[in-house]
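Following this line, the structures themselves.
There are two complexes below, and they share chain A, which is joined by chain B in the first and by chain C in the second.
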Partner chain A sequence: MAQIELIHVSKTYGPTKHGRNAEPAVCDLSYVIEDGHFVSLLGPSGCGKSTTLNMIAGLEDISSGTILIDSHRVDDLDPDKRDLAFVFQDYALYPHMSVYENIAFGLRMRKVPKSEIETRVTDAARRLEIEQTLQSKPKKLSGGQRQRVALARAIARRPSVFLFDEPLSNLDALLRDQTRSELKLLHRELGATSVYVTHDQEEAMTLSDRIAVMSRGRLEQFGTPYEVYHEPATEFVASFVGKPRMNLFTVTKAEIGRYGLPGTTFTIDIGDIGMDQVRVGLRPEECDLHPADDGAPGHGVVKAVEPLGNVSDVLVTVGDQIFMSRVPGFGNYTVGDHVNINVTRARIHCFDQKSGTRVDH
Partner chain B sequence: MAGTLVEKSRKRDLRFGLMLTAPSVIIILMLLGYPMGYAIFMSFHQWNDKLGADHQFIGLNNYGQLITDPAVWAAMERTAYFSVITVVGGVALAVIIAILLNRKFRGRTLARVLLLVPWAVPPVVNGIMWKLIFDGSVGIVNTILRSLGLIKENIQWLADPTAAMNILIFAETWKLLPFLCLLMLAALQGIPESIYRAAAIDGADAWNTFWRITLPNIRGPLMFALIVQSMWSLKVFDTIYVLSGGSGGPVSGTTTINFLDYITTFSNLDRGYGSAMAVGIMLLVLIVSAFWIFVFGGFSRKRREANG
Partner chain C sequence: MGEAQSPVSAVSARSEPGREAPGTQRKHREISSGISRNAKRRLVAWVCGVLVVLLMVFFLAPFIWMIAYSLYPSAALQGSTLDMGFANITFDSYSRLLSDSSFLVPMANSAIVGLSTTIICMTIGAASAYAIARFKFRGRQPLLLSMMTVQAIPVIVLAVPLFILLRSVGLYDQLFGLIITYTAFILPLVIWMLVGFFEDIPPSLERAARIDGCNRLQIMYKIAFPLAAPGMAATAILAFITSWSDFFLAKVLTISTATTLPVRTAAFQGLFAMDYTSAATAGVITAVPVLILTLIAQKWIISGLTEGAVKG
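Right after this comes the complex of A and B.
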């Protein structure tokens, strides 16, 4: 069992070819991954989430700061001394070994007795339903099977920490959803601390106890999926988490407590926050549309309708902004309709224009 | 109807294919098949140009002589010594150098380019270069050893049969390393980086990583390197020719089997016997190649059984 603690962890790669010092790949991360938690590191590519994972694993050195596992400093320990297993994006199976040998290799290297190895390998293979493939080489397996072998290899080690580096990104959509559910069950069964890197916010939301949202090497927010979704700490988190993307625009103070989108009749009630201008975020599924009165211009004009079956995304041009609303069913809107936007049931997220941090109101 | 149409077009394709390959087949037959056939033909005859133009058919006599000739066995011994060191040592050295060149370090590209230099040197120039370096009176080796106080008088390196053979091995290894290194480097680069990371997580130390991850994954190229280097080592000629001044000496010290064949055929003009020897060398090359394939094939079979 393990608790992982990151204290002011930074990573800077050496000077670039042009002699300048590179921007830090990871900058001043501090958070605690509780024992048994499933934590996702979420962010766009290049945000430093894989680097962070590699630093926890010991595959990359840290430039400054400290990583503790169960209150023990591990910065200087080799990867194999940290009692963790790693599932790689490309699975990293040993091509020249059979599936059995692939799973057993880590145990052999740790001098686990032969009979114990056999028990553990068959147990892991049984859990992941790959018993029939034990004698095959990885080359002969499908992508999904290789994925399972990689998972089995991690499980057979029985480590106190599991690290996942985008393990589902090489699977097709259907298999990905299925494996995602299985991962969740597996985590519940094994209860080991897991750190999971992904750029897919849906994966992060469904799997995690906590999500660490990262951008450009910095931690944007560390919180439960609920917090990340409903109380995004920064504008970046607000825009990155949630599908469809949150409507984000700048509003200007119109009258006391009300802010409006310049050049439109659209206003919202934020309350007095003592700012002339503020960035506002509204989730599309929390915004309702109503047809404007006959002849009235309304807040905006329908630009496009994207039906998804159970819901439809309606794009509305409001001033020079595109506003999206998710309406039930196929909706009754056609392009060119004048509509009013009703945000009474929406949570209104406010962000500072310059810093992008959340403004409470 | 349709069947015949398909048949017709297939025939046409076949004819066209044969036509396309014909030029190269003809060239290969002329350049390889004819001399080989001629050599085999000669090997069954008493065909010594010093004894006149009467070429008697003598069956397998030349081959019989081959087996009992002490000069042949002495040359075979030297060939074995030379080949084992250049093949096994050369390939092992190539693997080590390739592993070093595969690491990230400052100036790696330059090192990789420099590695190719000996390969760019023509074999004869390479031979002359080492001959000058080890020259008894003006060679740099003697000069260096003397100034270091390791020797008092110049050593006639190339006048001693054993020393000459070792210098030959050194010069040949120098020449063959770049190619082998390149081959091994390419093989190493074909191993995905991530499995090394997986091995690090799995707790494999450097030794285990090399034997259990690196080596099995370069098995194919390794076998190829061993086979081609075996062929080259068994057939070594030019460096011997240059180092020994065409004599294979001193006292036959650098006369490997291929060089003995050259002396037999072109100095002694015994072309019948020389041809028999050439055929023998060809068989030897085939046997050694088959040996490597067997070793590597057996290796993989044993692994499969161990896994089963």
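Right after this comes the complex of A and C.
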């Protein structure tokens, strides 16, 4: 079991071909991954999440800062000395070895006794239900089975830290959901500290104790799934986490405590925050729609209705903004309807226009 | 090619006039233009087959003729009528050559030179190619390009300087002289080929091996080399064949002690007469290892070992 601590960790690659200094891939990361926690690094492609994972693993050097595992500095140790296992996105199974040899390889390299290797491989294979495939070569296996072998290889090592680099992204949707649930059970069973890289917010939300949301190499927020969803620290987190995407727009002070969307009749009550303009975020599922009174223009006009079965997403044009509301069932709206938006039950998230940071109100 | 009857003709035979199924008109058009699509495909396949056979005959005829010469007495082939009955086949020339020390020594020389060159090229080449494929360092691309430039220089240009060089260091007519010369010529090609094979190995496998506790050297011989084995085998065979069957450099750089098989074979052509049977027999003996190795290499190249390594 292990606690991982990142202290001002940065990574900069060498100068570009044109001699200019490259942008840092990862910039000043500092957070603590508690012992036994499952932490997801969430962010879009190129945000530095895989680089961070590789730095924890020791597959990439850090440019500055410190990484501690159980209070021991590890950033100058080789990957195999850090007592961790890595599950790769493309599985990275050795094609010239059987499944058994693949799982046993890491143990052999660590000079684990033969009888112990056999016990551990059999145990890992049993847990992941791949006993039948132990003598096969990886190319004979399906994608799902290969992923299980990759997991078994990690489990058999019995490390104190598991690192996952988008391990489910190559599986089809159904298998992905199934493996995700199994992964959660597995983590509960093993209780080892796990760091999980993903760009899929659903994976991050369902699996994690904590989520580290990253953008452009920087940490945007480190918090529980609840905090990340309901109290986004920055506008980026607000826009990245949540499906459908949060409605984000700029409102201007209309009267004390009330702000309005310029050019429309839509106003919201934020309270006195001492700012003339502010970015506001509203989750679509917390906003209700009501048909406007006969002849009245309402806040906006329905532009499209996207039924999903149990709910429908209704797109409303409000001024020059597109506003989305998620309504129950198939909804009673058709394109062209004039509607009012009711935000009384919505949490209103405010962000500073320039810095994008959360403004409490 | 054993294909079933064309569905086009089957459909058109069943259709009644005036009640044509959709698409039948198009099929009619195909038939009225004289040839259906399936028939056209069959014709193309047939023509290709004939061309392949002709090409094979073109390439194999000299070889078959050489085998014939090695198996039949000259008189049977040089008369006005060819007498190629099974009864005339004789292995005399083979037994004669394989018991003749003036032939066996060059044969051993060729084997020593070929094997040594291959071993040296593969040892240095594999390590260099792995480094070029996996480490990004300044001058990597120019290095690879310069290797290919060496290949572009005609051997004949270098023959005389090499002759002078080897003679001055006492390696003229020495096996070692031939070995280092061949190594210099073949090594760049070996590196060039192996770089491609190593680059094809997914880097994540090597990263997995690092996590599993391998150092660089262990990654090389436990992961990279086994995975590149088919490519390495094919490259080794190419290196062997090149040095085994080279005539020109061996002719220039040796005179008697270090003579190799191709040079000895050519020596059957005298100033005034030509011993066709011996020359053909020597040719077959020279070609057989090359032939066998090529067949093996072909099999290894085709079997893609990395299949299944990563997603797919």
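Just so we're on the same page, the second predicted complex is superposed on the first by the 361 of 361 C-alpha atoms of A that agree within 3 Å, B and C clash if a C-alpha of one lies under 4 Å from a C-alpha of the other, contacts with A are read in each partner's own complex, and residues count from 1 in each chain.
Here, a contact is a pair of C-beta atoms (placed from the backbone, for glycine too) under 8 Å apart; a residue touches a chain by one contact, two chains touch by 3 or more.
What you see is a predicted model, and the numbers here were worked out from it, not measured in a lab.
*Asks:* Given the superposition on chain A, are chain B and chain C in a clash or a fit?
*Replies:* Overlaying the two structures gives a clash between chain B and chain C.
*Asks:* Contact-wise, after the overlay, does A:Asp352 reach chain B, chain C, both or neither (first, second, both, neither)?
*Replies:* In the superposition, A:Asp352 touches no partner, neither chain B nor chain C.
*Asks:* Applying the document's definition of touch, where does A:Asp78 land relative to chain B and chain C: first, second, both, or neither?
*Replies:* Both partners.
*Asks:* Go through the superposed model and pick first if A:Asn170 touches only chain B, second if only chain C, both, or neither.
*Replies:* second
*Asks:* Please work out whether A:Gln135 is in contact with chain B alone, chain C alone, both, or neither, and reply first, second, both or neither.
*Replies:* Only chain B; A:Gln135 stays clear of chain C.
*Asks:* Quick one: classify A:Glu182 as touching chain B (first), chain C (second), both or neither.
*Replies:* A:Glu182: touches no partner chain.
*Asks:* For A:Asp209, decide between first (touching chain B), second (touching chain C), both and neither.
*Replies:* neither
*Asks:* A:Tyr100 in the overlay: touching chain B, chain C, both, or neither? Say first, second, both or neither.
*Replies:* So A:Tyr100 only meets chain B here.
*Asks:* Of the residues on chain A, which ones does chain B touch that chain C also touches?
*Replies:* On chain A, the overlap between the chain B and chain C contacts is residues 57-59, 78-80, 84-86, 88-90, 92-96, 105-106, 109-110.
*Asks:* Please output the residues of chain C touching chain A within their complex, sorted ascending.
*Replies:* Touching chain A from chain C are residues 202, 204-205, 207-215, 218, 223, 226-227, 229, 305-311.
*Asks:* Enumerate the contact residues on chain A facing chain B in the complex.
*Replies:* 57-59, 78-80, 84-86, 88-90, 92-98, 100-101, 105-106, 109-110, 135, 157
*Asks:* Provide the residue numbers of chain B that touch chain A in the complex, in ascending order.
*Replies:* The touching residues are 192, 194-195, 197-205, 208, 212-213, 216-217, 219, 307-308.
*Asks:* Which residues of chain A touch chain C in their complex?
*Replies:* 57-59, 78-80, 84-86, 88-96, 105-106, 109-110, 137-141, 143, 146, 170
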